[in-house]
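Before anything else, here's the structure in question.
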Amino acid sequence: MENAIKINNLTYQYQNQTTLFQDFNLTIDPGQWVALVGHNGSGKSTLAKLIMGLLTPTQGGITVFNQVLSESTVNDVRSQIGMVFQNPDNQFVGATVADDVAFGLENNEIDTKLMPKMIAKTLEIVGMSEYQDREPHTLSGGQKQRVALASVLALQPKIIILDEATAMLDPEGRQAVMATLTQLKEQFGDALTLVTITHDMDEAALADRVVVINDGQLILDGTPAQVFSEADVLHHNGLGLPFSGEVVAHLNQKPQKYLNESELISWLSTSNK
Amino acid sequence: MGNIMIGRFVPGKSVVHQLDPRTKIIGTFVFILLMLWANTWSTYLVAAIFVWFTILLTQQPLKMYIDGLKPIFWLLAFTIVLQIFFTGGTPVLLHFGFIKVTLPGVINALFVMFRFVLIILMSTIMTLTTPPTSIANALESLLKPLKSLKVPVAEMALMLSIALRFVPLLMDETQKIMNAQKSRGMSFSTGGPVKRAKAIVPLLIPLFVGALQRALDLANAMEVRGFKDAEHRTKYRILKYKKQDYQAFASLLLFSIIFFSVLYLI
Amino acid sequence: MAINFQQVNFSYGAGTSLEQPILFDITANFPTGQVTAVVGQTGSGKSTLIQHINGLLLPTEGQVTVADHHITANTKEKELMRIREKVGMVFQFPENQLFANTVLEDVMYGPINFGYSRSDAKNAAEIALKRLNVSETLWEKSPFELSGGQMRRIAIAGALASNPDIVVLDEPAAGLDPRGQQELLNLVIELKTLNKTVILISHQMDHVAQIADQVIVMHEGKVAAQEAPEQLFNRDIQWFTDMKLDLPKAGQFAEKLRQQDWQFEQRPLTIKALTDLINSRGTTHG
């Protein structure tokens, strides 16, 4: 089967630094929602930048939908992947919400006449239609991040990578962004591959698959249930469990396997009554 | 920093807001040229009426414009004093030792002041009613002829518009860093000039480091959205003159005619 | 050192056409040796409030008392400098304020400004760096070579270097990973044992429930509540919706159990309280 992203024996090091990634392998299937987790400095952003061709591997290859990433294919690869970064202020290119969404369309030389409709459509998907003409400094962090998401969606990518897109937001903003993502995944189904980078385990728990890295090493890789049953490994790597996992850890009678929050609530309600 | 009005955009729905940015740039430019010509009381009166009328059309409180003049008060006072003391002629009104205050000096000073105030007001009208990036957009369009001379107009306009986009952020950042260093005891109001100049280093360095980080982040964000160069792009906003722009040009023409009639006939 | 706000009103740009009233009739107090959490929706005025504590902002009306200093609209810069020495301010993303050639020089900046001799300043800086667990091998490095987490700790050390009696932290855990957040909470607890007056702005109600002695809730520029966390987090659930405020995660979980017909007298605020409750049910029923 075709992979969405295939990372093959990747080696990378920053100049004058020790090797960060050494023979690193990871494949992501089309339509998956993968949470890439690890403490600060574990190499998550570096990996994302390598996939986007913003950094070039020392050795090894990266393939995106069967296209090997190289200097000559980097623009094609980028047209398949959208990326949202951490700082809401530093990725807002346009003067207004609509101009920001238009920026990518302009780069792709889309006909001016087609733009308003495309902009309106993507803003609607992220629930920002009413903010078309607003300037960035009048928006909250969460709203800016949803605009960033819309800007990416307008280019109809097959993959979206979010690099700690919620880390600088307040709880309200986080919730809005995560709800938008969940809804996007429902709407696009297998046509959209999502990679969310985070160290918030409650956010990671929303994904289909959780990949834990530390110092450029793959530590754990599996379904949330598999990964979150390795509490010790996670703690050892400076990470925690989702809240439901922490609760279970303190229970006298525990369920057989990892349960997410709503599963745990119904389990408690049936077994404890 | 909170009350400098020139350069600040205040959103609104007035006729002036809706004018094409090119119209406003050309209008302001023509107005400034005319002001350099003005040298009689009646010409200043005509210009003041024109400015007054435009201010009314912007539907912004007059107080906003007056606040805008406050920061330049000292600059203004200084120029006036210079003019009063160093213009010669007769009759002499007052004598302080070797300094003479003459009637032409006073008149000259008043003219300079009117000129200054009117130009500032007109520029404030433009920036108050036009988003900075529209100004950049308009400049690109107006300077298009230079493209044939290999001037990278598109790049320059994009750079300008992004730089303008970051102005509020950097102002905000300056305030934050200033607060942080003040909390650590930074003071601009003590010590000699060398000490005061040194005091600014803890402000400037974080500001530069922060700006650099923003620039790197922004470059990444632009690249991943498919930015290659400023030439091979289509445009979302295409500037087009509308009816109100022709009306504005007509008013400008009318104003110029009255201005010159007053200048040469009265 | 206690802090008292007495009927403070504050506007940005007071007296200009852009005047924006932000704080309304704030009366609040921050007792010595206690941790006061300030919470509330973004834009509710938390950061504006705390900038009154060391006179970065002066009340438009009313008065702030810090120990025996009174801050009003007319307080002079000289007086404010004496207050600032006693207040350590850690702003959001404090790593953005680093500037010096070495870590040590940066942390010495505050003490030197407050009139310490170089050797005293160095001593003070070293104590602060040790308190923040910054390894000695980093002291002579450039702060810009370090990781984000290390930079944050150095910036905090910089705010604590003149050994202030009052420490104000504005969302200090934002963007930190779980381990970094825990270290920060430990620091707050340590400051408290040193009898400092600690003020912590936070969006994370778990942190608030864990370490705060009292909580001030800001809402649209007014104080909506000032009380102990146990009392606050047992308010009616609708109140939290109105204030756009979260419950601690244990409390949220308990609310979901309540919808499944569980009953609680007190809302559990920590994992331990929550699981003790569940476990005790398990033994009586199971």
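Some points to look at:
Here the chain labels run A, B and C in written order, and each chain numbers its own residues starting at 1.
Just so we're on the same page, contacts are C-beta pairs under 8 Å (C-beta built on N, C-alpha and C of every residue); 3 or more make two chains touch, one makes a residue touch a chain.
Note that the coordinates shown come from a computational prediction; the quantities given were computed from them, not determined experimentally.
Arrangement of the chains shown, judged by which pairs touch: all-to-all, with no pair of chains left without contact.
Taking each chain's centre as the mean of its C-alpha atoms, the one that lies farthest from the centre of subunit A is B. Each chain gets a centre from the mean of its Cα atoms; for subunit B and subunit C, those two points are 41 Å apart.
Per-chain Cα centroids separate subunit A from subunit B by 43 Å. Mean C-alpha position of subunit A lies 30 Å from that of subunit C.
Note for the complex: subunit C touches subunit B at residues 12-13, 16-18, 51, 54, 56, 77, 81, 84-85, 87-89, 91, 94, 96-100, 109-110, 112-114, 144, 158-159, 162. Of all the residues in subunit B, the ones that touch subunit A in their complex are 11, 131-134, 161-162, 164-165, 168-169, 213-214, 217-218, 220-228, 232-238.
Of all residues in subunit B, those touching subunit C in their complex are 2-3, 61, 63-64, 66-67, 173, 176-177, 179-187, 189, 201-202, 205-206, 209-210.
Residue ranges of subunit A in contact with subunit B, taken from their complex: 49, 52, 54, 75, 78-79, 81-83, 85, 87, 89-96, 98-99, 102-112, 115, 119, 135-137, 148, 151-152, 155. Residue ranges of subunit C in contact with subunit A, taken from their complex: 41-43, 147-149, 174-180, 203-204, 244, 246, 249, 253, 256-257, 260-262, 271-272, 274-275, 278-279, 281-283, 285-286.
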